[in-house]
Amino acid sequence: MPAANLKNLVRRHAELGIILIAVLLIFAFSVSSGGVWANFYNISTIVQVTATLGLMTLGVALVIATGEIDISVGSTFGIASLVYLWLSLRIDPAFAMLAAVAIGILIGWFNGMLVTKTGTPSLIVTLGSLMIFRGLAIALTSGFAFSIPYKARNGLSYVILGGGEIFGLNTAIIWLVLALIVLTMMLKYMRWGNRLLATGGSSESALSRGVRTDRVKLSAFVLCGALAAFGGVLEAGKLGSADGSMGRLMELQAIAACVLGGCLLAGGRISLAGALVGTFVLSSIQSYLVVMGVRPQWFILLLGIIVVLAAWGDRLLRQWALSR
Amino acid sequence: MTAQHPLIQVNNLDLFFGQFRALNNVSVDFKSGELVGLVGDNGAGKTTLIRVLCGIHAPTRGEVYFDGQRVVEFHPKLAIDQGIETIQQSVGLCDNLSIARNFYLGREPVKRILGIPFLDFRKMRDISARVIREFGLRENVSPDDEVERLSGGERQSVKIGRAVEFKNRVVIMDEPTNHLSVREREHVNELALQLRSQGLLVIYITHDIFQVHKLADRIVIMENGEKIADASTDSMTAEELEEVIRQGGRVVEKREKK
Amino acid sequence: MLRSLALSNVFRLLEKAPSFGAVIGVTVMLIAFTLVDFSGWWTKQTISNVVHFTSLLAILAMGQALVILSKEIDLSVGAVYGLTGISFIYLQPILGVPGSVIGSLAIAMLCGWVQGFAVVKGKLPSMIVTLGGLFAFRGIIYVLTGGSVHSFPVEAQNHWLTQLLGGEFMGIKGAIIWMLLVLLILSALLWTTRFGNRLLATGGNADSALSRGIRTDRVKIAAFILCACLAGFSGILTLADEPQTHVTIGELLELDAIAAAVIGGCLLTGGRGSLVGAVLGALILVSFRYELIALGAPSSWYISFVGALLIASVIFNQWLARGGGLWLIQGK
């Protein structure tokens, strides 16, 4: 029976909801903007702009999968971009990137250890790190921005890490696709992925089957920190400059994108592809508003309504898929 | 014996959780002044059935009648208002509240000061203290102690004392003798009989068919969400009923008292 | 031996109180400030600023505490604070001062109700709903403030109600009196009424509360409405004192409110917490901000400090709640 098969499909693939929305939106936007919105240049800009947010979103999705949350990713992003820029003036950008990612790993490890060893809710721990590292970022730059002079913006390392383009697309998008493929494979085909989802689904059951839920959660936080840091590196590479406010409010967009993409905040079920489509949808809406001449103040209001409606719609869809 | 209409009537009840069928075409009656044993293995649907009766779950299909009236809205508040008290296994106490506050949760007594209803702490403390003493809680346990600090048996005693204090028309007990010592178990069983003789309907859920056979007027056996037996304790022995559970799947006709 | 018995009883009483950690924190903080910067800290200017802004934050924190007690969270309080304050200014020419107070509070309550409804009826996580609320209400602020400048005319500033809300009595800004009033009323509501008992039960164990017939849905919605109302009230108090409508009003205030409530002893697991603790938490946050300013430290230190304090105090409060204090008194 077709309805039952459809329900099965929706049940197994959390991203179907957001893909449906994305398709509808693309259609609606193209039609109502008379082709202004739906051209290659515009869409490729959207995609490139969201590449770094996408990396952050992938990391957040992994943490959400374990039933926790990480709202410090914006601060990690910011600190990493500062460290990368400052170091790449002095050493090869490839090493600067490694240092920045190392910092991301450290922050992730800090978060993960506090959550698993003290039993403190992750919302609070990552709220604390959000503040600690944001303050640090602002203090390091003393409120000013610093940038790389144009003549230094070449060299293979720099270009690969967001500073240049391949086939007309900023290199960040290549990294995003790479990350998506690798992480999806880890999630679906490796033991780690199974244990990650089990920990989020029911950490007691997972523990009782011998899963080291502490280590699993720690690994999710560490990966999340690393991805956020890497995103910060790419963004700094693309812009060539950074200030203390880099990454601010991005964590909220990342969470919204995850929920839009079908990730259950309670853990146990996520879709990496869905989260990325969610990121794309959010950026598209913003771009559409710009194209249509709507004042930017309306965007954030719409974002709020969309987040709630999407979460609700996803819930309804899941309820329908689970019903008889 | 004059026939009364049943206090609770369940007709063709189905309950689905998503695609999982928890209750399958269950029909059963309960009368006032009767002690009914509800037995069956784990997952049989006993707890699920009484959760429908006490308003926690609404049925997917079928009807429930209380005192002749069809129940259209399912909420625990409505069930309690109708006079249904429950002792449940996994829910019933809030760890962060004191014994007194848990005792009176949902029906807190108030004292009006300048027209504003404040909790009547003295009444809450005095009455809950008296009741818990009756149930043998240790001397140094005070009604202001947080329930979290109590042992399993003490928590059970609080739940039982509460149900007995606020009894009205129906008392549903889900495995009430869990965590209790032998003497305490006898006490609970005496209470169940006492409540019945006071004209209440008592529904007693347990695994122990032999124990409940001595107390009950009737035994209802469930398996896999279905009712598979409904017999008065006069008409079938405990061994016979246990045989039914063990063999499973056989539907036994309802037999009246001889 | 008698002395240690009395001491241990006092300790037992104190450590049962969720706000114990915050009490220790405030004590330590005041001692530290006195030692480090006596002349900078204990000035009339610093103290009166601290008291005023503590009161404003404390009202927000108490509202957040109620929501956290019900085992939810409200990330939108900063935006509601701003929106209500702005509405107060904007509605004044139409409705007059008393009317605009009522009108803007009504808007705040509507914000709370909408979010509460979405959480309970839509069965959505409060983190997501109030995140959406944060965006939506802040978006409304942007739309309202973009462009036109609204002023608060002098007659309105001198109105008796405005003075009552934002003015001074004998050199003390009115906000602290309002805050103490709110603390008194909310404490009575939480600990001595039926609603309070049911709120604590809902947060402590919603399934058990439901099984006893508590309408947990209504309790949670009420908590959200109260929280938004208090956030709005704080906004009105702020603007009654200084009527400027800048677009960033209340930004990031929700983080402060959550931090204050949590430092004050509210556990995110629900059902446990303290309103006095939330006030003390607000005191700690505001005091540190002002002391850092007085010492000439860059403002970024404040954010980092709050983050570290937040984590430390939650770990400490959890340790206390699990009986850590008893372990200390009774020995290993």
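In this document, chain identifiers A, B and C correspond to the written order of the chains, with residue numbering beginning at 1 in each.
The rule we apply is simple: a residue touches a chain if its C-beta (ideal position, glycine included) is under 8 Å from a C-beta of that chain, and two chains touch if they have at least 3 such contacts.
Keep in mind it's a predicted model, so treat the numbers as computed, not measured.
In this structure, the chain pairs A-C and B-C differ in their number of contacting C-beta pairs, and the larger number is found at A-C.
Ranking all chains by how far their C-alpha centres lie from the centre of chain C, first place goes to B. Each chain gets a centre from the mean of its Cα atoms; for chain A and chain B, those two points are 50 Å apart.
Computed centre separation for the pair chain A/chain C is 31 angstrom, with centres defined by C-alpha atoms.
In this assembly, the C-alpha centroid of chain B lies 42 Å from the C-alpha centroid of chain C.
Of all residues in chain B, only 54, 56, 75-77, 79-81, 86, 88, 90-97, 101-102, 104-108, 110, 116-119, 121 touch chain C in the complex they form. Across the interface of their complex, chain A is touched by residues 16, 18-19 of chain B.
In the complex of the two chains, the chain A residues touching chain C come out as 69, 114, 118-121, 123-125, 127-139, 142, 244, 252, 255-256, 259, 265-266, 295, 297-308, 311-312, 315.
For chain C in complex with chain A, the residues that touch the partner chain are 73, 118, 122-125, 127-129, 131-140, 142-143, 146, 255, 258-259, 262, 268-269, 298-308, 310-311, 314-315, 318.
Listed in rising order, the residues of chain A touching chain B in the complex are 322-324.
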